[in-house]
Amino acid sequence: MTTKLSNAQIAWRAAQDIQDGAYVNLGIGFPEMVAKFKPDGREVIYHTENGILDFGEAPAAGEEDWDLINAGKKAVTLNPGASFFHHADSFAMVRGGHLDVAILGAYEVAENGDLANWSTGPGSVPAVGGAMDLVHGAKRVCVITDHVTKKGEPKLVKKCSLPLTGVGCVTTVYTSLAVIDIVNSRFVLREKLPGMSVEELQAVTGAELVIDGPVKDLIVPEV
Amino acid sequence: MNKLSSSVEAAVADIADGDVVMIGGFGGAGAPIELIHALVERFRKTGSPKNLTVINNNAGNGAIGIAALLYAGMVAKMVCSFPRSTDPKAFTDLYLAGKIELELVPQGTLAERIRAAGAGIPAFYTPSSYGTLVAEGKPIAEFDGKHYVQERWLKADVALIKAELADTKGNLTYHMAARNFSPLMAMAAKVTVVQASKVVEAGEINPEHVVTPGIFVNRIVEVQNPQQEEVLLREGVVA
Amino acid sequence: MTTKLSNAQIAWRAAQDIQDGAYVNLGIGFPEMVAKFKPDGREVIYHTENGILDFGEAPAAGEEDWDLINAGKKAVTLNPGASFFHHADSFAMVRGGHLDVAILGAYEVAENGDLANWSTGPGSVPAVGGAMDLVHGAKRVCVITDHVTKKGEPKLVKKCSLPLTGVGCVTTVYTSLAVIDIVNSRFVLREKLPGMSVEELQAVTGAELVIDGPVKDLIVPEV
Amino acid sequence: MNKLSSSVEAAVADIADGDVVMIGGFGGAGAPIELIHALVERFRKTGSPKNLTVINNNAGNGAIGIAALLYAGMVAKMVCSFPRSTDPKAFTDLYLAGKIELELVPQGTLAERIRAAGAGIPAFYTPSSYGTLVAEGKPIAEFDGKHYVQERWLKADVALIKAELADTKGNLTYHMAARNFSPLMAMAAKVTVVQASKVVEAGEINPEHVVTPGIFVNRIVEVQNPQQEEVLLREGVVA
């Protein structure tokens, strides 16, 4: 019995909800993994903040063009139909609501959709990048995350304790235990691991899980 | 993902009564004549779409293009900077008879309001029109000792634009100065419909030469050898 | 003795003050004439609102490309080094202060630099085009105009009676009788026709002409 | 009109103490390494320019480019969105020691503030950062029921950027995604200095392919086979 999904499995689950023809921005790091699990037959067009639409996989080692990188500064390639544009146009795509999906990591998500994912508080060098823009504008703002912190504390909470990235911006959370939509400032449970009861899930969630419609089994292949 | 429409008629089939329609072009340069005329034909056959708000720099010339929309009685309101032309009768008669509403917007403000809509900027400040009739009723603010007018974004339900090349993913290039408002309108409309002189496979346009990325384009129809408004005008054509 | 300059002569005079390498926007109509009188050896780059830098003369009849027009919808040609851009970038050039000179016509200019050149009041179809943008941003905003109306009334006035195009925006006025800078909300006389006294000029001017420095003779060849 | 500089040294010779300097590039893509290093060399020889405010998406990596400016002690303030990199020691040490000021700006807001400066827009509203620490002290306004933060334009004395082609009139193209902030910075600075991999005659760049029109460019220097920050980093180069 699966007790929790691996990061790859969370990424796989999030990838299944990306529709054919979607324009998608994947945050730096963990969210980049979602691209690996695009279902066959779907065409997904990836946007990167630094000004590329429709980039592809990493080039072979030694084949990099360092003017052809993604927001994480990793070398990428181009798909047929790619385009380049400057940063203001790139964020016009973001802020203007032209992306279908943005997928981000999180430190905390609050039940009203508040997201904290850029700062763990004072003491380090603050760095925000494009996250505060990405949480506004995409039609679906999705978070992929472990359900709890390494210490076992809930990451889905009533109110974020860390500095916010955006207010009321998250639409769906894909966790290691569940899929949860945020509707009218409530966590609405859509899917959970089949071996887990709602009560068990509630016990590791920092705000009320609302049941509104069927709760499906969260079944993900080994990936 | 398939953005190709089978015909200009199909491409404009769902424009509805009361829609706000941006139309690319500056005078005849970049005017999507075939898309506009398909809309006029649809109205003649079905009585719809009507009560349109049309956004363009101008307000038609002669009896073709936007002027044909006006003569057909499909337009309730024009948003433009310069409702004059060599033959502005279509608009002038409606306007002086009180049968059409006009929102006059300085040209640079018109361009910036459309871009702002596309870029998710609900409002911005411009020095243009400060202290003039055009600014009446708009918020004023002072920055660094100078006065500016607050302007709002300008969105549309549909944009009709003309491109030179389109690839199947919707990436566009434009011929010469035909681009004018079109790249902005493509960003600002819920649905952007493009007539392209040639449709090519994805990958055939150099990514560095793309002017409008495909994310801003919903529907493409190939119109080879498109009509040019200025040529039609000189030939005295009536749509 | 010249009693007043022709339009061509006013345009000639304005053209002499356009420096080598200047980026210039000439308003539709009369101001377009200024391009004819560019002094030899100077390179001037013309901007048109609809998205061209460095356009050239009109093509031969029958050679027009109607996608290659200026703001007056006249067919033009390109100089080597021309570029195309969309309308928002075009007005970024205008509003952002990148043009060196804009030359416009006028119904009235007030001593504080107010300009009225777009509307003769109610009763006609209002049309403003790019004028309200052009009066802001260019480093020099110049007006070329007859010194008086057809009825002989002053066009240089204390306060404009017609709807304004812009407030305090005009820097220099080239008229059929004089060259006048606007400095600290006053008309400062720089040049006048040699056959005319300051008093005679003042008599056809609707606000005080300030003398601040030498007043040169306005001498223009037959053109 | 002559925009050509004889050398990178000449091109950066008049940058003054206290200047606000925009530097193009996103990470290493588009970073004008030769112009930056010419500035560092000048400082080592003359002690100037110092107390610079540097605007870039990042805050240097390793010991070259912007990191070299930081190690040299020429920078009083960084304006950026992401002062982290694979080797951010140059900035981190200064920051944690309180020896450099940081203005942290969300990436899209940074791009838009720079564009606004170039476009004569003194202020605009964005949804980005509303309700966060970054918005503290900034005016808030509501449009159509949603809250937005007012942001101001961001200008510079000088922009240092890297282009692929420049013609003699200053028209530019960029290689791949190297353009990023550079077309915006070229608009927003009083003086824009360009290092181009190749300088061609006016007319050799297709007018439809120009990305930065020459009106935004003041000074051009040809730097053939320019260094690429990422390659230097991997080689462990120290400027």
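We just call them A, B, C and D in the order they show up, numbering each chain from 1.
FYI, a contact is a pair of C-beta atoms (placed from the backbone, for glycine too) under 8 Å apart; a residue touches a chain by one contact, two chains touch by 3 or more.
Chains and their UniProt names: A, C = 3-oxoadipate CoA-transferase, beta subunit; B, D = 3-oxoadipate CoA-transferase, alpha subunit.
In this text the structure is predicted, and so the values were computed from the model without any measurement.
Peer 1: What's the chain with its C-alpha centre farthest out from subunit A?
Peer 2: C
Peer 1: Centroid from C-alpha atoms only, then distance subunit A to subunit C, rounded to Å. What do you get?
Peer 2: 55
Peer 1: Averaged over CA atoms, how far is the centre of subunit A from the centre of subunit D? Could you give it in whole Å?
Peer 2: Each chain reduced to its C-alpha mean, subunit A and subunit D end up 30 Å apart.
Peer 1: Taking the mean of the CA coordinates per chain, how far is subunit A from subunit B in Å?
Peer 2: 36
Peer 1: For subunit D, which residues are shared contacts with two or more other chains?
Peer 2: Each of 112, 115, 119-121, 126-127, 174-176, 207-208, 211 in subunit D touches at least two other chains.
Peer 1: Two or more other chains in contact with one residue: find those residues in subunit C.
Peer 2: In subunit C, 52, 84-85, 88, 91, 94-95, 136-137 touch at least two other chains.
Peer 1: Are the chains arranged, by touching, as a line, ring, star, complete graph, or other?
Peer 2: other
Peer 1: For this entry, which pairs of chains touch?
Peer 2: A-B, A-D, B-C, B-D, C-D
Peer 1: In their shared complex, at which residues does subunit D touch subunit B?
Peer 2: 112, 116, 119-127, 141, 143-144, 146, 148, 152, 173-176, 207-209, 211
Peer 1: Can you list the subunit C residues touching subunit D in their complex?
Peer 2: Per the touch definition, subunit C meets subunit D at residues 20-21, 23, 43, 45, 47, 52-54, 78-85, 88-89, 91-99, 136-137.
Peer 1: Where on subunit D does subunit A make contact in their complex?
Peer 2: Interface residues on the subunit D side: 26-30, 57, 81-86, 88, 91-92, 95-96, 102, 104, 106-112, 114-115, 126-134, 147, 174-184, 211, 228-231.
Peer 1: Mind listing the subunit A positions that touch subunit D in their complex?
Peer 2: Its residues touching subunit D are 48-52, 64-69, 73, 84-88, 90-91, 94-95, 114, 119, 125-133, 136-137, 163-167.
Peer 1: Given the complex with subunit A, which residues does subunit B contribute to the contact?
Peer 2: Going through subunit B, the ones touching subunit A are 1, 115, 117-121, 167-169, 171, 187, 201-203, 205, 207-208, 210, 213-216.
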